[in-house]
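Here come two complexes built around chain A, the first alongside chain B, the second alongside chain C.
Let's turn to the complex of A and B:
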């Protein structure tokens, strides 16, 4: 693609990602500085910020440990049934935090507060680290490790100084997604009663229908995101990029020996906590409750709607992510870096704020799209663009630019090169990005409630409808289907860890 | 590029245009802050009987009010069906709703409708103390809601401060007892380690499971729980205590409707409001959602005291329009963000 067209397309994508910030700016601007100071500069806000940051740090560290360990076990050791564990370790991503939170609070007495929320968030989001790290470890060039070993480094020092360094960009990227997700999560923290910034934002909407107060609080989340993006950028520029090219050979595998049983037990335990506890809860709901979920046709319609809006959301998000990823890979420099970083800026904002900003956009600018699936898909793109950008950029970086250049020198037009050379080389990464965005769309609730066409139910909205009147038995099939639908792309992602 | 084509194909199948609607076109759009399970059956009946097609948008009352405030005069909604009077007041205050005709308002007692004729209550709910009968005996129950800040209830009480009904109750406290006394009460809840819940459903579930002793909720949640368990309220461990003698703790709030400005002259909108206040719908509130009918001549839900018997506090819901002060006080007491 010619550079100017790439810049224009990437800027367009960025505009979509930054819609919520425009809305925040307009609404907080109306509030005036005095009001902003009143809302933000309070002890309560300081406490909330402290707790949100603490939760983010704990969850990010825990997810990094679990995600990297699981990725290492399935890609670099002689763990039995590696293929099955490779998929199992990815599956918890299909469980929404509101389902997991409900399941845990119903299973364990007194399960609430900071550590409870940290546990549930870790179980639901460690695959954000596991998936890219497993892919990176599977794709990394084993030659570097072999050189280190031949120069006399022991196996564990080689692991920490060479192998993990090779996976560092993947670890940092995954950890960033976990950190931003933790800041934006409402499901787990509300059910497990932990006061975080996002819970306070939802509370402000509920308390006296105070939009302005809620939006002023949201700006603090954007500031926190800026700090995180800066930190990740620092770690990225210092991180090593693994060598591409050359024939792929499998890396030498660690022999677990006596650690076999503990390793298998640990992976099974994570699976039981992340998947078994919610599954058992859903079965209990179905058996204990008297409510019924409605006709098969209604359930089918909700499932169909979930599939089509999530697919639409995923495709639109990918379409917008492509120019951003290509820009980073093919025209690296300060502008590309800036565009890439800015695309993350709204990612820590809670779904209700994104939803409202799209309501604002629909009312003020795109009224014909208002309350149609198009605006909902755009909302998903705004919410999840960074997930797709990360996948596309990874794929674009690995597609050797020299092939583009050869095609160009043979007289192909830039557009033909894009569609016949570059995109086919990136297809796996694009597929992974689409799968990730799709499953995240399936789980999304607050923005879906605000943006869906009137009268259109999805699995997530039906689940919400039934739990809000304590009709848990009616809710259970929707929860199970939701997890099932989200599990399909997750399963594909797990398969893709490079094991086979 | 195939992607955009595929996108069009996928979304084309579910896309539907916006229909702003004309008065009398036999089409209505309702924004409902009430749950689908509670109101869909009665809206379906309305559609069957009148042939007026009703499109309903469901979300929380707060989200719905926020969306209406954001949409202003461009809203597709004709009617706002709200969980509580506070949200109706907020939307009315923003000038988004039309005046209702006197004959509609006259069906409902003064207390349960807007003094400016901007909204009308369609069903009532009483604030109660829900308690676990194995943890609390009848003689231990407090005579006034103000007593729940006494030391004996420390760590045993659940509240949902972000819930509209709780806020209406706090506003009522301010009207009856003044801001100083209310502040004392809220601080008392905090220092008494009241447990903060997201909603009433969870409070009642925890009380029934013995995880919580008492909670301030609306009366009908116990009935919802019994329905889900396939039993009757008599079989539950969670019981209701109606505060006696006109105590603020027995405030009766309403779920109600307002007609958006654009539907001011729409006969379809008027037909729905009339229907919701008609005998069939009023019976539905009593029998299916266990709420109080507000129109004369319909019996209240079985097993709960009638609106006359519970001696509701003498509070006009129109006096509860200083929600912003209430929410600031709830925040300052540290009960919610």
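Let's turn to the complex of A and C:
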């Protein structure tokens, strides 16, 4: 695509993604400065901010450690059953935080508070680091490591000065996703009774008495996100693009030796905590829950709805992400960076804020969309745009610009070049992005609660309805099916890390 | 065919092209020869339309494709390119790569097989790019560029990633293929051997400018300045004094001048190693040998210490330490002090 067209398309996509933010700013602005100051400069906001930031830091650090270690073990060592561990390590992504939260509460007495939330969030989110880092390590050029070794660096020095540097953009990108997710998570913190921004916003909205307060809190959250985005940008400046056509040889593997058993045990323990605990609880409840009459038809309908809205959401998200990702990959520069960064802003907004702002948008601006699944798909697109943008940007590496130029010189118009060369080469990477977005849509709860057409239930909303009335047994079949549906794209993502 | 006038292009503070003029006649193979970073790739990208020029005009076959306010996009210029790494479409077979720029009737009309035969790859049409060696990939890239019979083909250092023996064969075959197809082409290279052996004309480029443009032998024998003399081939620049309108005095005696004397008084004259032929005498001492198989380059030192090089063919190689005389073949060109 010529740059002007690409630029226009990217800006359009961004405008759609930023709708909720505009709503937020307008409403916050209406409140007036005095009111904003009253809301923000309180002891409670300071406490919430402190706790949210602390949770974010703890979870991000823990996820980075677990994710990088797991990625290194499965891609660069002689770990036994690497292929199986490679997929296993990705699977916790299929477990929504509210499902994991319930499972732990039901298994461990008195499991609540800050550290409980941190544990659950880490177990559910570390694959955001693991997946990109494993892919980066599997694709990194082994020649660089060999050069480092030949220059007298030992294996550990090589690991820290070369290997991890090669994966640095992937680590930073994954850590950013974890940090943003933690800031906006609603499921785990509300079930484990940890007061963070998101929970406070939800409570304020839900009780209906303090919408302005909630909006102001959301704005603070957006500001926090901006700081994070800036930090990630700084850490990214030395990252390499266009890494080449992949490795010609596989990298030499690190011999674990006596570390073999501890390494295997650590991976098994993570698997048990992240997958075993929820699985055990779900099985226990499901046996009781599935026996109720009439349940199967309801479950079937909810599963069908989940599939269709998630597919619609994933498609719309990819459509919007394509121009933004291509712009970042093909015309790097200050404008592309700004567009890319802006696409992240809505990602950190709690789903509840996205939901409410789109309800407002539907009623006031786009009434034909209101009460249709398309408004819900739009909500998903707004929330998950950065996931798809990252996938498109990564996939663009497979289609270096010189191929476009050759195709243009052979007399093909930009559109034909896009459809015959660029997109076919990117299709695998884009497919991975689609799988990730689909999976995230399946798990999404708060925006789904607000934006679904009346009477339409998905697995997530049914699960929420039943758990909030504490009928765990009735909720369990939905939870089991939800995890099952989410596990399919996760499985595909895990297999893509390049080890099998 | 191609007429570029006053092309200027800068990337931020870097002036990559600084008033480049270049004309290429129909059916000609012109080499743009210059050191790395002098702007060769930028020139090709401006001609192909991948970059917008800051100033100047590009005219193709009488049609202005780049001028003030005009920028014809690449796909409407009918100029094809062969990039350094070939850049085959990895998801297409050889046949689909070569047929990419053809319309359906031309594809069915056997043009693909025709150009593949031209580059010596008949029978490879159904392979995928990763099943080809580097040299074969380059051949396919050339076939792909030739297939639509473009008025102009641009080759950007297409052989530089290949090893020496492969390169020699490929150069010969590609040149023959371009000839057989009657193509007009610009070959960019930093390798003077490649430029001399392949091109009809050479345009020497330095720091964003074309500093000399002429027939290949003319550029070698009559370089416009000492820098070009040293860049295009092995060169010795010997101090000399103008004797009269047609001769100079040097440490090797009085030599005939090629062309006008230019400056008067002290000058430097250009000698190529193959102009020196050993004879009996004691003008110079042999200091070293550089053996090339078909010939040997002798390192020499004159009595006053001036180092010289002489290229001798076959067996007549005087040993190191021997004293020899020297005959100078042909005329020399003089340069005023630069």
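Rule of thumb we're sticking to: the second predicted complex is superposed on the first by the 479 of 500 C-alpha atoms of A that agree within 3 Å, B and C clash if a C-alpha of one lies under 4 Å from a C-alpha of the other, contacts with A are read in each partner's own complex, and residues count from 1 in each chain.
Simple rule for what comes next: a contact is a pair of C-beta atoms (placed from the backbone, for glycine too) under 8 Å apart; a residue touches a chain by one contact, two chains touch by 3 or more.
Just so it is clear, the structure is predicted and the values come from calculations on it, not from any experiment.
Chemist: Could you classify chain B and chain C on chain A, in the superposed arrangement, as clash or fit?
Modeler: Superposition result for chain B and chain C: fit.
Chemist: Examine A:421 and indicate which partner it touches, taking first as chain B and second as chain C; both and neither are also allowed.
Modeler: After superposition on chain A, A:421 lies in contact with chain C alone.
Chemist: When both complexes are superposed, which of chain B and chain C contacts more residues belonging to chain A?
Modeler: B
Chemist: Scan A:356 for contacts with chain B and chain C and give back first, second, both or neither.
Modeler: After superposing on A, A:356 lies in contact with chain B but is clear of chain C.
Chemist: Contact-wise, after the overlay, does A:109 reach chain B, chain C, both or neither (first, second, both, neither)?
Modeler: First partner only, chain B.
Chemist: Between chain B and chain C, whom does A:300 touch in the aligned arrangement: first, second, both, or neither?
Modeler: neither
Chemist: Put simply, what angle do chain B and chain C open at chain A, by C-alpha centres, to the nearest 10°?
Modeler: Reported to the nearest 10, the angle reads 160 degrees.
Chemist: Between chain B and chain C, report the minimum C-alpha distance in the superposition, expressed in whole angstrom.
Modeler: Once the two complexes are overlaid, chain B and chain C approach no closer than 18 Å between C-alpha atoms.
Chemist: For chain A, which residues lie in the overlap of the chain B contacts and the chain C contacts?
Modeler: none
Chemist: Please output the residues of chain A touching chain C within their complex, sorted ascending.
Modeler: Against chain C, the touching part of chain A is residues 2, 245, 400, 402-403, 405-414, 417, 420-421, 424-425.
Chemist: Any idea which chain A residues touch chain B in the complex?
Modeler: Within the complex, chain A contacts chain B at residues 44, 48, 109-110, 190-191, 193, 195, 199-211, 217, 288-291, 305, 308-309, 311-312, 315-316, 318-319, 352, 356, 359-360, 363, 367-368, 370-374, 377, 419, 446, 449-450, 453-456, 461, 465-474.
Chemist: Name, in rising order, each residue of chain C that touches chain A in their complex.
Modeler: Answer in residue numbers: 48-50, 73-81, 83, 85, 87, 89-91, 100-101, 144-145, 148, 154.
Chemist: Which residues of chain B touch chain A in their complex?
Modeler: Against chain A, the touching part of chain B is residues 1, 3-4, 6-7, 10-11, 13-18, 29, 35-38, 55-60, 62-63, 65-67, 69-72, 74, 76, 86-87, 90, 161-164, 167, 195-199, 201-202, 204-205, 211, 221, 224-225, 227-230, 323-324, 326-327, 330-331, 334, 336-337.
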